[in-house]
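In the two complexes that follow, chain A is the common piece, with chain B as its partner first and chain C second.
Now for the complex of A and B:
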């Protein structure tokens, strides 16, 4: 066991929280029952790490086994770092029949053709997801296991989720993915977030969605508890109306947890009181970013509580509708100033 | 247009009853405040909640005589201030003889521009209304705010012998320091 492997294991052990250590090691399945029993998880973590290192030395395990352990931990705890969504485009005729073994082989061979030193590990998770761990090297250096890229792909769907990918590695991964999934192209899905399950649900429509037709009449006033007969709302109709509008835009169930939404404005500056700016030909560029621990929930609350005006602007409601949280807004030709248009790309 | 003006004496008062109207564009604090206000046992307190004025015509019949109008302004929001300002013109001038007060929240918030507080003070002073500061985040703050409103409300509803709203407002109305427009040096 060389020094880099040792460092890899030490770093991994530092990342895994103590309460999860035991179950993660059990799932790993490399340790014999005797070895597992010999480890005392009540000891401080460095002592457990030393013990595990000794066992690894004894069994002459290499980075291969350690990365296995890392994958098991990451698959169970994916909400670390930013996840970015991509979408494959233009499937070939046989794209829907790609199965795991074929994909595995193809992906590995395509990627190793592109990069000389690369270490790929592929594992199928129970929920049909294929997890890919890529440790990148280049023509001179060996794969760097300390900064791996994780890719999650659902076979037979066009969706791919990626974390910790540098811009240099992006074209390489894209090419290998496109070739091995039998598609023609891949594009940025303009969706990112810290919670993998949330952006997956949003993109693959696996959450309770809002259908405007589902709320034909004023809703039962759920949030508006009539607390006391001596308290009366003058504009109660407004509240019911707002609730309905908010539900039409965002649904009334649980919403996937997104952390941010970014709008890049490339529209002309419009303000009749400021002539100098309005008369400029080039667009006024700015970026508007909304951030929250649960952005969609916040937006729904803003709409239902009246902080944001209703009906909810299509700019906000298209986050769940289109499953994306990055928008570029451009002027839609010679149109009235209020009609902003969320462009398709 | 004339009908939508809220008038202080267009209806008869109820026996041992005081009616308060809380106007808040954000509709957050008013509910808590109302829940506390109606707990008062000495007099019957009815609370009407509104986002802004004018009030809807269809409630005209059921609405009791409003003895006190409170504008709640969240200082961190410009919209909140603008909304209150816009609502003022739907009140009969008679209300400004002691039956209106302003209540601001979040005054301690560091993100509040001092100009906004000054603007609220100027507004309250120009209308001869009291300006109250309230803490809306804690239960204690809500209780305190409700108590202060009740004190004014009872007078405004004519339930306190020897006191009238106009008399009280002379003592409690917001006044401006003469140097409010001077740059401060502290």
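Now for the complex of A and C:
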């Protein structure tokens, strides 16, 4: 085992939390029962790592086996770093019949035609997802296993999710993907987040999208005496109305955990109290970023609590409806790279 | 309504305090009686006079680089400072700084050793403190000279010959302090109400406690209020034509579950145009007047109109009311400020303007 492989294993072992070590190594399936039993997971991690290094040396394992272990860990724990969504466009007639073996072969051969030194590992996960690990090198250097790109593609769908991709590698990956999936193009889906499952669910509409058209009024259940039933009724009506509007925009169930949404606004400044700015020709340029541990939940709460006026503006409800969290808003209707009207009143 | 065209330091600030102060015989007494009085008066109109200036001089660019030691200036601009207010220092002498350096070094060494089981050889020299005057960091004759404190130490595992490194720095300043208030202080007091520190909390606590013991003062956290943050937004934006602000960034949080953070970043030129549009009427009026001060002055109404403009543009798109939340942080290329009382000043030319506002905030926060 060379030094770089040794470093790779040490780095990986540092990343895997101690409670997950045992199960991850079991899933790897490379260790014999005797070897597994010889490892004491109550020991400090560095000692476990030393033991594992010794076993690897003994079996003369290389980066191949170590990257396998890394993939197993990442597939089970994908929420590390930012995931970006892409969408394949214009399928060929046979795009829907591409199956795993064919994709694997094609992808590997296309990518290695584009990059001299590249190491690709492909693994199918239980939920139909194909996981691809790419270690990039260039014409001079060998693949760098310490900074791999991970790609998740659902076969027979146009959706691709990518993490740790540099702008230099992006065109190469895009080309290899387009060719091996039998599509013509790939575009940025303007959606990103730390939780892979959340952005997948949003884009592929896999979460429970209950958008009730009629929200059951909570009035019927209220039975206690009130000082002024009319005021109470009116307020309850308003609250119920806000709740309904909030649910119409965001649904009433669990929401996919999105961390942020960004709007690039280039719209006219309109304010009847400010003539100078309203008469100005140029748009008012600003960027607004919303951030929360669960953005959609926060926005729904904004609407139901009255901090946001209802009905919820299409700008915000577009996040779940269109499955994206990056928008460019202009006054003049469709504009590249994203198309959306600023809905002005 | 009276027009604040000559505007500058018309502060209603401390008339109440001045009276109380002059009546009292010495500082200790006045401090105690004021505290008592403050709690009794807390709801009377007298104290409502104690608030931030509603009008201030438009920031002029100060060529401070000519006045201030470049090394000191570089240090002031490099760090983000945690702010506190300090009550006036009793018998602090700018001529005694050398002796203060020795005393504080010894104090820190002694305090650090308390927790140690065995005295490490030579540990008395492990911290070296230096006090220095930052010449030129004053605006009026009433302002006391700024004092800079630096603590140097050797890293724990450093070799013998390795030089000591700066581990902590702090300063005490007073820029454009309210002259009525400063003059009302008894002779033995030096007022340097704004304290900034950068470095480990433990050392900050030691420095504070040394000051408390030696100069009979007290420290308290200086949060930067919503209004002060808005003032900074306006003061900085106002500088854009002279020194680009690059961006105007404001961070709000909204009280929903889970909490929502909104970062609103405005193009510098557009921010400036909005700012001049809310200022315009005023300038036209001023043109008619003869004696307009250089740079003019900025009124709180203009600051509020500016903020309102920004908020209404936001509301028009998102139908979300930013007023429901709180402003947490503002930043431009000239500096950044957080409501928790952390400040970074990135441009020396507008440092005085920022410190003037913060000095005022510190004076207001003082419990006397």
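The rule is simple: the second predicted complex is superposed on the first by the 296 of 345 C-alpha atoms of A that agree within 3 Å, B and C clash if a C-alpha of one lies under 4 Å from a C-alpha of the other, contacts with A are read in each partner's own complex, and residues count from 1 in each chain.
Basically, a contact is a pair of C-beta atoms (placed from the backbone, for glycine too) under 8 Å apart; a residue touches a chain by one contact, two chains touch by 3 or more.
What you see is a predicted model; the values in this text were computed from it and never measured.
A.B. asks: Output check: A:238 vs chain B and chain C. Expected answer is one of first, second, both, neither. What do you get?
C.D. replies: Touch partner of A:238: chain B, not chain C.
A.B. asks: Applying the touch criterion given at the start, work out whether A:316 contacts chain B, chain C, both or neither, answering first, second, both or neither.
C.D. replies: So A:316 only meets chain C here.
A.B. asks: For A:280, is the partner it touches chain B (first), chain C (second), both, or none of the two (neither)?
C.D. replies: It touches chain C, and chain B stays clear.
A.B. asks: So, A:305: does it touch chain B (first), chain C (second), both, or neither?
C.D. replies: both
A.B. asks: Determine, under the contact definition given at the top, whether A:228 touches first (chain B), second (chain C), both, or neither.
C.D. replies: first
A.B. asks: On chain A, which partner's contacts cover more residues, chain B's or chain C's?
C.D. replies: Of chain B and chain C, C contacts more residues of chain A.
A.B. asks: Is A:291 touching anything from chain B or chain C once the two structures are fitted on A? First, second, both or neither.
C.D. replies: The second partner, chain C, only.
A.B. asks: Now for A:326: first (chain B), second (chain C), both, or neither, which partner does it touch?
C.D. replies: After superposition on chain A, A:326 lies in contact with neither partner.
A.B. asks: Looking at the overlay, what does A:154 touch: chain B (first), chain C (second), both, or neither?
C.D. replies: Neither chain B nor chain C is touched by A:154.
A.B. asks: Do chain B and chain C touch any of the same residues on chain A, and if so, which?
C.D. replies: Touching chain B and chain C on chain A: residues 305, 307.
A.B. asks: Using the touch rule from the top, collect the residues of chain C that touch chain A in their complex.
C.D. replies: Counting only chain C, the residues touching chain A are 254-267, 270, 273-274, 277-278, 280, 309, 312-314, 316-321, 324-325.
A.B. asks: Could you list, by residue number, the parts of chain B that touch chain A in their complex?
C.D. replies: That would be residues 21, 25-28, 31, 34-35, 38, 44-51, 55-56, 59, 62-63 of chain B.
A.B. asks: Residue numbers of chain A touching chain B in their complex, please.
C.D. replies: By the definition above, chain A touches chain B via 227-228, 230-235, 237-239, 305-307.
A.B. asks: Mind listing the chain A positions that touch chain C in their complex?
C.D. replies: Touch residues, chain A against chain C: 263, 265, 267, 269-271, 274, 276-277, 280, 282, 284-295, 297-299, 301-302, 305, 307-309, 312-313, 315-316, 329, 342, 344-345.
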